[in-house]
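First chain A sits with chain B, and in the next complex the same chain sits with chain C.
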Partner chain A sequence: MTLRTDTLHASGSACATCPMNQHLERLGVKMTNWDYVVALAGNPNTGKSTVFNALTGLRQHTGNWPGKTVARAEGGFQYGNKRYKLVDLPGTYSLLAASVDEEIARDFILFGQPDVTAIVVDATRLERNLNLVLQVLEITNKAVVCLNLVDEARRHKLIVDHRRLARDLGVPVVPTAARQNEGIPELLQVMSEVATGVIETRPRRLRSTANPALDAAVNTLSGQLEAAFPGLPNARWVALRLLDGDQQIERAIRDGSLGDLSRGDKTQAVSERLTIAEVPA
Partner chain B sequence: MTANTTASDLLNTARRLRQEVGENSHDHLTEALFAEAARITDRAVTHPDTRSRFDLERTIDRLVTSRRWGFPIMLLLLTAVFWITIEGANVPSRMLSSLLLDTVHPALNDLGASLGMPWWMSGVLFDGAYLSMAWVVSVMLPPMAIFFPLFTLLEDFGYLPRVAFNLDRLFSSTGAHGKQALTMTMGFGCNAAGVIATRVIDSPRERLIAIITNNFAICNGRWPTLILISSVFLGSSVPAAAAGLISAAAVVSIAVLGVLLTFAVSWFLSKTWLKGESSVFSLELPPYRPPRILQTIYTSIIDRTAIVLYRAVMMAVPAGILIWTLSNITLADQSLAEHMVGFLDGFGWLLGLNGVILVAYILAIPANEIVIPTILMLTVLTAGLTGVGAGAGVMFELDSNTAVKDILSAGGWTALTAVNLMLFSLIHNPCSTTIMTIYNETKSVKWTAVATLLPLIMGLTITLTTATITRLMGWV
Partner chain C sequence: MTYNTPHSQTTLADLQPGQSGVVTQLYSQGPERRRMMDLGIIPGTTVTVEMTSPLGDPVAYRVRGALLALRQDQARLVSISDVSSEAEK
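Up next is the complex of A and B:
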């Protein structure tokens, strides 16, 4: 592992005062006393590991086949005098906890409460990738969409209106081509602004499904949840999971770790769970 | 109201509502999400006019995953990779061996003599430890430095998921996991790496099958043995024009036999000790991406080549010391090595092999790479040849195939010995690095023993059978 210190922008021009020109210091695996935690989510094979390497200076092996990141990888970087811990979650198509990978990713976003979750999406396969984005946005408010592989989209003559996308999703969307480092400085700036609360996000949440009975049940249950856990950031989603019989969410309600979420505490239970899940059997 | 009653109230409400809504809330949610994703995408993405455009990627995909052309293309590509590796490694291998063996080695011996080292000390250090290390470096480094980047480039380009796609049907019909296609392909480089790669398989049952059968993928350490023996014994028995083709065909058929054995043993395991359904997985065929050549070469050399080479050297040094010592300690007029060869000769004959080959395979447990030099050295010793090589316990490399054939024929080798050596090279216990890796990955003595002994027993049985049949038919 190498520890590299370099800047992404040549400073010294008139732009030097621009906040975008803050120095990125890649900390590799050396991370202690971080100020913010960033989770990196995304479908398999969208270049998540490439984004991870671009930010941390680590050379985690990237490969063009799904399922490359078997365990959770962590690294660090410093940006604008703040230290960030970056957690590369396994690539998944959904967060419904149907597999070990999905459970690791879901648990980290829900219980680990990262300060910002960057969702890496493949610009050439936007529709399928948005399924995961919408699920992440159901759970957390603090998210950024990293619209990756725009170079490939250009090659396929696809035009993705990222401003429109950002308006529809209610979170910032940053177009990137991580392999060429294109858009990474902008991504850093936006991530730091969401983490510090400079950017307020209003993620799009599902207001209704096609099933009135289900919607009514969700309304009842989420009302009760909000009353029991004031400030819970994702009552509707928790309600939906309960209606689906999600045992882990039931357990979180029983042992009170869901209550910690409403107070904004990071639960300890999650770190244990993650260490167990980290080693694939 | 305490926290506990709130929690149980909530859960009761949830249970009641769940019954009202029914089991399919999950589907409704998924449908709603899909519809939403489609709406948002529709607004944000402008598609080019694609009506009559020729889609290169789809055409390639249709070709490389087609039922008719998928397998031939796969064999062709893998053959090309191996051919480039073998041909390309030849020159640097020769340069390295002339530097390390012909220049540095005598210089070390001279140095030892000028320092007044006793014969046994310079023998152990230079003729044992140094030479075996030099041999492994000159033989292993060039092919690895070519093979790993090539393989990584194929991976980076996006071809490997197509291989898995092609093999998936075959693997799942044997009760194994489709991703075993990927780990098997990794095994063609190094079985230890292939065993580690089985981490991509979630189900422990299917992962064990993949670990146990990985040994049937011929690793880097075994390719040189197969290539040398097939060109010396099989290639030289046909007209010169066809020699290259025949020996290449022999090597490829051994490799294909290994794949067939992988299927057979996977099927056997999933019907007996590791019963179960094969799990379904969805494999997205990723887009083809132009590989980043320089970065790939850099990371594959640092991450793979250097580590594998380091391990091989660490194994070869003690093995070299051992071979030298065994060849130089004399007991009742014979060296220990000669005693061992004599002891195993009868059993070796039954298998269509000989004592020398068996001793070589025992000494080469740490690394298959040292099989051929050990065989040559022991043959020279026991056949009482003089004037070849550099003397007792020195591993040497012979310049021409004819010289190799002369030595081996003097040692009583026939075509049967050659064929059975190739079979045994494919089907025997994994090297100690792989065995250690299997233990680290499974943490089970039992499964490590199965993975070690099953191929060994199979190899003994198969060579015994071919030897007996050949002799009964009077072919030898």
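Up next is the complex of A and C:
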């Protein structure tokens, strides 16, 4: 955690900057002129939508069907005088695009470049949730792990050492029980600090493989990608996907749409490709 | 589908209900291999046969706290070692 003494001096009053006073205002679907974009990712059934509803005040029931494009919901909230747009991504086990859902989640995190990605994980099934966490951390620096369902974990006599987990992953981990609103204030605080850069994350990443030939291929390819698509958010990741034979990425490079996605107004390019789910107010 | 699992290998398809094994290798390829790994079937994972369907195919396996149904075609592509029965544990 970062010491906040500098801000205390600047404002002259501890109350103005105290996290306790930075109230959450739920904005529902009214979200215009947002300052930051927050993406919610996670495995299916980890309580992503419960977290989404706790933050936006909406009551959305998400259901997605494989092959349907309607797979994303948006809402807004205000916290500490900043407006946030929250995007609830479809639940996936992976971001390697075996399905439309995974493609949507991946494109948003990679090309939408959210200011912070909250990865919601099930504390009772942590082991199988970490696959997605590591995949997200390969793509983005700005991430927070929301260790959800800790109430259920407690009932099963399971206590997760979230400090150790945060140290191992290199990003903040916030234990929550979104149904009871437990941990939501802490989550808000940490998300805002990552979005604004107060907390600097150092996500655990695969720096090099044990295979020198592969490392050389990744380096060559990512250099060429950066030359062909200036401003590409994570050329190394795209290079790894190409070497893995990802046909969608291959197609996006052939027809040039990879450039469209990584260029221009933040989330615009991705938004255009997606149908936004109707959210009942 | 091609079965390139060596015949000498024990696979998930050889397990009886209640038996477990530790995954040693995946012989599937492409998206199917990727999918299995995303669902937690990687070398070192303990897999237990939870139940079988009336005709014996598919079979439900317990993997890292989740229940996965695999067809025998798919189960044959996952080699295992250290087979044990529930009674032995």
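Before moving on, here are some points about what is shown:
One rule holds in what follows: the second predicted complex is superposed on the first by the 198 of 281 C-alpha atoms of A that agree within 3 Å, B and C clash if a C-alpha of one lies under 4 Å from a C-alpha of the other, contacts with A are read in each partner's own complex, and residues count from 1 in each chain.
As a convention for this text, a contact is a pair of C-beta atoms (placed from the backbone, for glycine too) under 8 Å apart; a residue touches a chain by one contact, two chains touch by 3 or more.
Just so it is clear, the model here is predicted, and its values are computed rather than measured.
Using the contact criterion defined above for the overlaid structures, shared-chain residue A:96 touches chain B and also reaches chain C. Legend: residue contacts after superposition of the two complexes on their common chain; A:214 is shown touching chain B, with no touch to chain C. With both structures placed on the common chain, the touch criterion links A:144 to neither chain B nor chain C. When the shared chain is aligned, chain B comes close enough to touch A:160, but chain C does not. Residue contacts after overlaying the shared chain place A:27 against neither chain B nor chain C. Greater residue coverage of chain A by touch, when chain B is weighed against chain C, goes to B. Contacts of A:206 after superposition: chain B is touched, whereas chain C is not reached.
Looking at chain A, you'll find residues 93, 96, 124, 127-128, 131, 245 touch chain B in one structure and chain C in the other. Interface residues of chain A, counted against chain B in their complex, comprise 44-45, 59, 61, 63-67, 70, 93, 96, 99-100, 124, 126-128, 130-131, 133-135, 152, 156-162, 164-165, 168-169, 179, 204, 206, 208-211, 213-214, 217, 220-221, 224-225, 228, 239-240, 242-245, 250, 253-254, 256, 259, 280-281.
Looking at the complex, you find that chain B touches chain A at residues 3, 6-11, 13-14, 17-18, 20-21, 25-26, 28-38, 40-41, 43-48, 152, 155-158, 160-161, 164, 179, 182, 199-200, 202, 204, 207, 282-284, 286-287, 289, 291-292, 299, 303. On chain A, the positions that touch chain C within their shared complex are 93-94, 96, 98, 124-125, 127-128, 131, 245. Interface residues of chain C, counted against chain A in their complex, comprise 30-31, 34-35, 37-40, 63-66.
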